[in-house]
Amino acid sequence: MSLSNLIKNWSNFRTRRPYEGQYDDSPYKWAMVIDLDSCIGCNACTVACYAENNLPVVGKERFGKGHAMHWIRIERYWGEGETLETEFPERGAQYLPMLCQQCEAAPCEPVCPVGATHHSPDGLNTQVYNRCVGSRYCSANCPYKVRYFNWWNYPERAWPNPLELQLNPDVTVRSKGVMEKCTFCMQRLRAGMDKAKTDGRILADGEVVTACAQACPTSAITFGNLADKNSKVAKMWKTQQVDLAKNVQEKTEDGIRGYRILEDLNTYPSIVYLERLRNMAS
Amino acid sequence: MSHTVPSHPQMDVQIERKFVPKQKDLGEDVNWAQINKDVLRSLEKPRPAFWIIFFSALALFSFGVYCEVYQYQTGMGVSDLNNPQVWGLYIATFIFWIGMGHSGTLLSALLHIIHADWRKPIYRYSEAMTTFTLMTAALFVLVHMGRLWQFYYVVAYPNERWVWPNFTSPLVWDATAIGTYLTSSLLFLYMGMIPDLAICRDNAKGARRALYKFLSLGWQGTDRQWGNFKVAYMTMACFLMPLAVSVHSIVSTDFAVSQNPGWHVTSFPPYFVLGALYSGCSGIITLFIVLRYVFRFEAYMTQPILNKLIKMTFAIAMVWTYLDLIEYATTWYGSDEVARQDLVYRATGDYALQFWGMIFCAMVMPFTLLIRFVRQNYVVLLIISLILNVGMWLERFQIITPTFAKSHYPWTWTAGWWPSWVQWGIVAGSFGWFTMLFMLYCKIFPSVSMYEVKEMVHEQNMHDKLHGAQAPAHQTALGAIPEMNGGKI
Amino acid sequence: MNYCKKLFVWMFLIVIGTSLVSAEPFVQGGPIGSQTSDGYDALGPVVEQPIEFPHNTHAGRMQINCMYCHTYARRSNVSGIPRLDKCMGCHNLIEGVKDRPRIKKLFEYWANKQPIPWKKVHDLPDFVRFNHERHIQRFYFQEKRPVRETCGYCHGYIASMTTARRVKALSMGWCISCHEKDHLEKVGSTVTSHGPNDCWLCHK
Amino acid sequence: MSMGNMDRRDFLRVLGISGAAATLAGCGNTAIESGVEEVMSYVQPQDFVVPGIGVFYASTCTQCGSGCGIMGKVREGRVLKLEGNPESAISAGKICGLGQAAVQAHYNPDRLRTPMMRSEGGLIPVSWDKATQMLEQRLGPTSTLKGDQIAFLTGDISGHQRVLLENFLESYDSTHHVLYDAISRVTGQAASKAVLGAEQPLLNIDKARLILSFGNDFLGAGVSPVHMAAQYAKFRKAPRGTLIQIEPRMTLTGGNADRWYPIKPGTEGILALGIAHDLLQHEEFAKGVPDEVHALVKQYDQASVSEITGIGADAVHLIAGQLWNNSPSLVIAGPGAEGHAYGFSNVVAIQLLNVILANRGKTIEGQAEHPFPQLAPLQGGYRALAKLHEQMASGQCQALLIHGTNPVFTSPSNLPFADSMEKVPFKVAFVTHLDETAGNCDLVLPLLSAMEDFGTHVADYQPNGVELMVQQPLMEKLYPESRGFGDILLDILKKRKPDSYTAFPDYYSYIKTAVVKAKPVFKVTDSDDHFWEDALRKGVIKWEGKPTALEAKLSLLEVPKPRGLEADYPFYFVPSVRPDMRDGRHAYLPWLQESPETMTTIVWDSWVEIHPKTAAEMQIREGDVLVVQSATGSVRAVAYIFPGIQPDTVSMPLGQGHTQLGRFATGVGVNPYKILDPVFDAHTGELALHATRVTLRKTGENQNVVKDEGPTNFQNGHKLVATLDADQAKLSKEI
């Protein structure tokens, strides 16, 4: 048995804080930037995700029970505090596309009893469906609550014939009792990375993007390889002064928009959000 | 009260004693033959009332099984669990049962180690309770799993997939700890029963005799057997002590290592262990009263023993209360704003009833144990012990549900989430399952340790002798060591 | 050593031994299963195909490279069943065998422009992704191993079979056992590397 | 390579369909198997087809009139997913949710699979032979139908479909092509034409420094949302433009506004004049404006405007101030301003601002002239339908053919279209799904889905020159009994006019011939085949055209005050158009039903939006079931407390409440079309969608509102969506 494997890789079982230069030697570290000033809340990303990742439509009753299965959801807030201070939301609504943050120090990873979710070499939180036993500990521990559990055997009802012909053969159809979540369209990345490896190169910037980023009509979602210093994402992280390996970002000046959500929980997310702008003089 | 403490002749004789001596744990009139007779009587053909209760429990259990089968077939969705309420009653009740399983071991192992003899008449059924509560708790681990049929993925064993479970997960620790604890508790219970099984063997006929013969492993009560037995039993007790503490500490890490507000607390391990002992002790009081009444064990389950048990329960309750309050205090004065909001939510939000119910049942009710009338009135005590356990169940509920209802992420807050009938059914079924197991146990195995009560009687007499009390003649006549009676007890 | 201790030691050995032995065939593709007609230990059943395709003639006697027909193997995740016009490309010109029943069947399918409903022999679970392209590129093109070895590691010695039969375990442990081995990076090079250890490489 | 019709279909031949079933079994096959699943080979695929690798084919989205270029990912003969086509200037590689869901329309389980014919008791499935027989008998060469006896009712239509349809009608000496769109833009277009000389001017959103939008949801349910969204993204980059939105109910676009003002419905024009009043105080704006305009605008001083519109006097001044500070600006009118009795005047007043602000030629221009006017899109509105309804009711109409519209569902209750349909002896519906209108027809013909058919389209809104969008099948047709719309028309035409049409074996060859014939216009020198292949490959044929100049006509109409609230009906009723549901034709797409409406996050339902203040006054809680009663009818729906709405207004989304349209649409929500008051625009006669007045009645019931948000929709002190003052941001330094 692979006892040797276990011993050899024992250090991998430890959960470490991300450190400076962690991905210097690896070809890929997938990351994202979401510009909240560009996001118009149109839900194109959500539907694209349904199409790409075989997400089941659960129906009204189950949605009402909190059993929705949208890996990316558009949240709409009215204010930062607890109530609306003005009579009307004068500065519009606050849209937030929320998906798995692919944390570098993910709270979900160390608690999975079977290691169904773990950190991949390219910096993603994997979710191995067939390994999952459904303890839901990962979801309990996820501060963003972006993990979705198959409360029902959705394949039974979600794709009445011939809707199932639309299913993406590269993505497993999940049956009941399995946790699932955004994978950064791993199937696309995997296909791209394999092809690039055959060609003896690494993926070019923008060669493969997630379904949400591809659909986004305002290009609010930028997806790319943070390990490649010349990629758009890496440059954006740099100009926004967000460091993957820091939990408190030091900004040299005001007006730099980048931030990561719930960073103070030391999750080190891989998604940087850019602050929404409003012309307060108007 | 039906049972009165016999007067002590030594009071007149013992001039050197300045204080009123302790009440004796057992009455003067207990003799060895009576012990066998009384205890073996409890194994006789049950009365109709037994079957009525037993089948009610079975019905309850069957309903639980039906709920679980329904959930298994249809999906976890029937439980109305959702994102973020992913755990619900299953984990709450799991912790409740695990907690119940702690005092039996404490009574038998810890008190055994420190030679507190009053444990002897009551430790057997407490241990049985431990074993069955653990078995019930283990069921909840399975019930809770989304893919029950893949539960073996959690177990570390060489397999064709060449993968191991994730050793950093508290759930793996849980599985390991509970497995170990269950095995050792079962072994400890069984081992302690061997001499008694021999007695049963010698008094039984037919299939029962075969069963006892098989289980008593050829116990003859020889000197060597007694010697080995004592050593092994003490070793097991020493092994179990830290294990019992570790199990609930580990269960507490399910919460303590997580991110969630209200869980992220360093005092959780002692808090959980004490909570476990608390609920376990009140469980023991409940069963004490029930067994005492049903099997007419008045002679062995005496008021002094109960008094000690109550004192211990009260002490544990107070430590637990302290830990609970200190947890609130640290949260309140701490810097974690979300945890503070969560605390306020618990006390004032959708689950305030459960919160204050817990405070009342588990923090206020123990003070009634200070009243002598309560301690001596078995009916009242029964009700109070049940209330204490309701409080402890509510405590588990309000650790889990409000935290999920209001965690770090406002978008996924839930308002007034409530479990479905399936969850309640399975929880009810678990009580049926426990009752069933315990009732069967009581009718198959002696629920009071015969040989140890005998020891106790003997020691009490020896004690009296040494200190000049006059022992009844029929007891001193039997001699000091059981094996002197031709290997039979 | 007294009886008790002996018992414990034996029980322990038996438990470990049993699990190791029972896991063995899953890992190595080994001893259980029936024999193929060619004397191989097959793990899979005999699969009845619409045409009893003689691999032994094509790959064995004719020495045709696997990838001549399974042309997608080096370009795609799936090796793919050869397209019908590929079969016809040759068999149109081979007059000698046109009257054989199997070839007649082939011509029939072609005439109807109907695909042949082959049965899958090496069918991994649906949650597993196996990339033929990477394996072929790595071992056939990069390391220059013979095609018989490259394909045969998972598919067995197909050149000796008529229709294919599964002779290897194809289990997860079996895959990992190879991924953990050190393989030469290039022909002639001494640098070795082992297969990736990332769950998402194979699980989708 | 040859791309003839048959070849093309051949190489799409579905040979791996069983693979799809295997995918669904998904977690079913969890073991290593042999001999269970089938694996089929291709017979004779194109060389670039590799199993396991998707191939993208360009086509055109037909979900709305925007005409976005799309690419379908095709694998093993199945179309799996749609992406935007980077070749098209309209979509520029992007796609909206509505477009994505087109695959579900194609694979929808409730698609009509065979023709249906009315017999006693209802529609029954029949064979094509029988259907063709009936068609021929009624419409074939022997038909005596003539002129207005035959009517062809369609939704928006463009391209060769339009040409063929007009030719078809011509063969009956008829021009009776009735266009109907439930959410019509006719009023707005007429007003634009009156002021600017263009029905749909080109809006250079990206060039504007300030956009003042009067209820135009250009990012959501607008005229070309994907294109506008891309423009909007540029508009928000440095130097960042400001968006001010004025509307009674916050739309998706309103949610993105820098400043959002709730206005009393119908008073938009008055506000525009109030702003104009402020602007004209400035010399630079005042010059060139005719005196009559000056005279009229003078009445609209800040105080009175503020009183009528409910927008503070200082706000009017503030808006005007920003307009003169931020040039060029862009003022847009939308359905919120159009849908009133004086909608036309409203829009005229609003467009006047563009003229005063001299935005013409900068941010607002004319669309490029269309090289093929016969292919240009046609849009309809309510008035045409009303006229048809009268004709039908009076028995003039002998045959009614319906395609791409569902008037039985969308007509208000004052126009009982289903009743008048009964007077027509022969009604044919061309549909992919049996909707309410088709359910009332005598013959229902199953069409190919948009993923299976050929076609050409011209978008309503052409941002860059003119694009002829080519639609091509992305996969083999699923149901052998379904046929293309063009093919059916062509078949009849061939019978009626054998000389002109026998040359075309099918609609595909008709399009191909027509497009190839137009090659010189596109200034292409390739061979015909090459030109056509290129068109199919790119999915779009571009015609370079320059934006045209707009001429301003400053003749101003008076903008009367809208009808006020009455005691019986104390609320304005604003039906909202969801970006994904539109007029309701997409309600059968489960992805869209499950996709939360962004502003409320409600799914699978209809609801009534009420301002918290109003709700508190009426003691309405979220989830209370309300009866919304207008003079013409009532509907029941749950209440949703929504701060983004004018307090005297209640709003309900359109598109739900189907009684027929498959399992995903029927029984979901209610249909607010049926409670619209018969108020018409004074100038165009169009139905005023926003002019209804209603009253609310509580039923005492309370239901769980099925929505994505939890009990709070505030961030509660967590930094989730942070907002920064635009002045402080250093956008120019960003990448």
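Think of it as A, B, C and D in the order they're written, each chain with its own count starting at 1.
The rule we apply is simple: contacts are C-beta pairs under 8 Å (C-beta built on N, C-alpha and C of every residue); 3 or more make two chains touch, one makes a residue touch a chain.
Quick caveat, the model's predicted, so the values are computed rather than measured.
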**Report entry** Per-chain CA centroid nearest to the all-protein CA mean
**Finding:** A
**Report entry** Where subunit A and subunit C are represented by their mean Cα positions, the distance between them in whole Å
**Finding:** 36
Report summary line: Averaging C-alpha coordinates per chain, one finds the centres of subunit B and subunit D separated by a number of Å equal to 68
Report summary line: Chain centres from averaged Cα atoms put subunit A and subunit B apart, in whole Å, by 45
Requested in this report: Just give me the whole-number Å value for how far the CA centre of subunit C lies from that of subunit D.
Outcome: 53
Requested in this report: Please set out, as single numbers or ranges, the residues of subunit B touching at least two other chains.
Outcome: 158-159, 162-163, 408-412, 414
Report summary line: subunit A residues touching 2+ other chains are 1-2, 5, 68, 73, 75, 77, 118, 129-131, 172-173, 178, 191, 262
Query - In subunit C, residues with contacts to at least two other chains - result: 20, 23, 77, 125-127, 171, 173, 176
Requested in this report: Name the shape of the chain contact graph, picking from line, ring, star, complete and other.
Outcome: complete
Requested in this report: Mind listing the subunit C positions that touch subunit A in their complex?
Outcome: 20, 23, 77, 125-127, 129, 131, 133-134, 137, 173, 176, 180, 196-201, 203-204
Query raised in the report: In the complex of these two chains, what residues of subunit C are touching subunit B?
Result: 16, 19-20, 23, 26-27, 171-174, 176-177
Query - Complex contacts: residues of subunit D adjacent to subunit C - result: 15, 22-23, 25-45, 50-53
Report summary line: Per the touch rule above, subunit D residues touching subunit B in the complex are 708-712, 714-718, 720
Report summary line: Listed in rising order, subunit B residues that touch subunit D in their complex are 337, 341, 408-415
